[in-house]
Amino acid sequence: MSIINVNGLTKQFGSIAAVNNLSFSVEKGSVCGFLGQNGAGKSTTIRMLLTLIRPTSGSIEIFGHNLLTHRSEILKNIGAVIEKPDVYPYLSAYDNLKLFARLSGMKPTAARLKDILELVGLADRARDKVKIYSQGMKQRLGLAIALVHDPEIIILDEPTNGLDPQGIADIRNLIVRLSRDLKKTVLVSSHLLSEIEQMATHVLIIDKGRKLVDGPSASLFDPSKTIVELETLDPSFTRQQILNSPYGGNLMDDRDSSLVLQINRNEIPGLSRHLVTHGVDLVRLQPRHSLEDYFLQITNQNTDADTYTD
Amino acid sequence: MLTLIRIELYKIFRRPRTYIAFAAITALITVIQVGLSIDGEAYADFVMQTIKQSFDFEGKLLNGYLVCYILLQLLLVHVPLLIALIAADMISGEANLGTLRLLLTKPISRTRFTLAKFAAAAVYTFLLLVWIAFLSLVVSVWIFGTDDLFIVKSSYAVQLAEDDVLWRYAGAFGYALLSMLTVTALGFFFSHFASNSIGPIVATMSVIVFFTILSTMGIPIFQKIQPYLFTTHMVNWKEFFDQQVDADNIAISGSLQNPEKIARSAMILILHIAGFLAASVWVFRKKDVLT
Amino acid sequence: MRIHLTFLILLTTAVVSQAQDMMPLLRKVRARIDKVNDYVAEGKMKTDVVFIKAPLGKVKVYFKKPNRFRLKKDGGISVLPKGGVSVNMSGIVNPNDVTALDAGETTLSGSKVRIVKLLPISDESEIVLSTLYIDEEKLLVRKAVTTTRENGTFEVTMAYGQYAEYALPDKVVFSFNTREYKIPKGITLEFEDGEKATGNDKLKNKKGRVELTYERYTINQGLSDSVFK
């Protein structure tokens, strides 16, 4: 059952489409890794999920309700850390946590606040003012704030930014625990595939505001499958031909400009034969080792891309 | 809503910046009071020199009521800066801290959030004025005692009987609250357009200073636009210190020279406050939070 | 002023023969005034100056021979024309220090009065010239116009009632000229421009008045000097 349903989501900033006709869904209880290079539109998407940014068009449904019409009920059940976990530096961790818990509509007991601080490992520094906290401690506090009101969905935007390896491991373990033990749904964004790979049950990759890949990580990371990139003279014609063929289900990418399929290595000759016999003018057919290989490739390809959102 | 306002007030009063205003006002008023208690007669003589050429005075010209009036004249021109310091920071400051995005992911409608923020800024403004009232009226009366309030205006003088003064101060402070809330609302409105608080604070002050200059300059072309500037109406708390006279030119106790002017100006200020607030809500509801 | 005085002196010389006749009248008026050694009077004061909006005030007036005068407001601030209100008959009607000239007769609010002009003998006198309107029958000064060296001209009108025996009026009206009143806005810290409502026409009438209405006199009960401090 999908708990988040995004359909045709688009956000224009002036003439630039930060998010372009994006559709995806997140399954209840899953850990969805949201991948994309900096500037791919991850942040804009997450902000739209949290009503920080108004979509230009498209719809978002969470818990089966339209986000814009049922904003309060939905947000009550979402906890989020967006980019830097900024809180009030002149308040202690405890006071910050209490304040945001109350804003989430709950009356937090001291025990609850203590438990949460315990969970993120800040219990013994709870009374210190946040301005003397390290980046890692702030990140933990941000998580505590996201969790304090016991939400069903937890959205984390680059939660490991600025953390040392130990901190990254801690966060990762926490996310796994949230999903496995507490049955939370987690949407976690990152620009590093390696980080997501180990904890995500599902993966969504976007680039330049459009979806590239979407699916359960088990199959996406399946070593028996290969990612194949096609370049043809008429991409939309090619796409049509693939969709009409037995290989239609292997299509990962919904962009017209480039075509990506996930396919068994021994099926590649059949695919190329099918395309040629159906009149596709094939320019290039390039197999990639794995998803990581492919992801790294687009990430590197676009390092000079615009970074207007992140 | 009440919880929201309480949280906002909690934030305002937990940060050191808030107390700058209170400290500044305390220091300023104390300095003026000390100065007047040492050399106040000379100051009174200076202000009254024209009238003292023709008239002898008896009684305590420099009493607590006059000191309060002098203080208000001096202060109320500058208090907007202190108010802007907080009001123009309400949204932009949160944007700057980065807390705005976290706040707005909470299940609170943006309208309520804006209104609560404004309410908190208004409470701050109110408390600042209460503090000013306490220091400038209560403390001045305590130091200088009371007597009739004799006010020298640029084309006439008004003598208000001792027992006819307190309600005027109540009215004047009430009116001053409206004036200052206009500044609060303006600063608050500007605070939606930046992700640091310096811009909105400077913008608020610039508007106030610019409009005040236009309001003050006696050049005919400016005088034509003066009725349309809210700063022109902000100083009308002074109207509470003018009274009517009867046919024999005897002041009528408890009267106001221009009650309609006060009502009209108050109305204009209220409309400004409502306008700035409505604009704030409108802008904020549409705002994409990118910080 | 100087031309005016010169003219008066010329006039004085012209009527000098008659002038001598006024001294007995003046002495009689003075004798009446001299019956009072001191008094305390209570009454109401009304300041009527176009550019001052003042409330009605309760006042106490103290007098002690030879010429000590003090007006105290019963609470509140009193605004009085400089030197004006302290002008009193005891100081003006001083047969030993002045030359009195007869300036004819006229009628003042129904009573026939003689106009007497008083010129001080001393050059240092604060009063330059006084014109008295004396009710010869009752030996009361009904009106006095006094020109002082420092503070301009005052007109004092008196109405008598139950204290006429002591030459003490029930009502005294001081009229005086006021200077033009205008204070730079920088000094008053008035930044608004909303004072035209009072009417500029009214402000051009620069005659000021202070009206004292006495309700009660306490006469010759002895008065400590300390009240005049």
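In this document, chain identifiers A, B and C correspond to the written order of the chains, with residue numbering beginning at 1 in each.
In this section, contacts are C-beta pairs under 8 Å (C-beta built on N, C-alpha and C of every residue); 3 or more make two chains touch, one makes a residue touch a chain.
Small disclaimer: the values here were computed from a predicted structure and weren't measured.
Colleague: Using only alpha carbons, which chain's centroid is the nearest to the whole structure's centroid?
Modeller: B
Colleague: Please indicate which chain is farthest from chain A, where distance is taken between mean Cα coordinates of the chains.
Modeller: C
Colleague: Per the centroid of Cα atoms for each chain, what is the distance between chain A and chain B, given in Å?
Modeller: Computed from C-alpha means, the inter-chain centre distance equals 50 Å.
Colleague: For chain B versus chain C, what separation do you get between their C-alpha means, in angstrom?
Modeller: 47
Colleague: Measuring centre to centre with CA averages, how many angstrom lie between chain A and chain C?
Modeller: Spacing between the chain centres: roughly 97 Å.
Colleague: What residues of chain B sit close enough to touch chain C in their complex?
Modeller: Interface residues on the chain B side: 46-47, 50-51, 53-61, 70, 73-74, 77, 147-148, 150, 152-162, 164, 212, 215-216, 218, 223, 226, 232, 235-236, 238-239, 242-243, 245, 248-251, 253, 257-258, 261.
Colleague: Where on chain B does chain A make contact in their complex?
Modeller: Those in contact with chain A are residues 3-4, 7, 10-11, 14-16, 97-99, 101-109, 286, 288-290.
Colleague: Which bits of chain C are touching chain B when the two form their complex?
Modeller: Per the touch definition, chain C meets chain B at residues 46-56, 71-73, 75-83, 178-179, 181-185, 187-195, 197-198, 203.
Colleague: Within the complex, which stretch of chain A touches chain B?
Modeller: Per the stated touch rule, the residues are 47, 50-54, 71-76, 78, 80, 82-91, 95, 99-100, 102-105, 145, 309.
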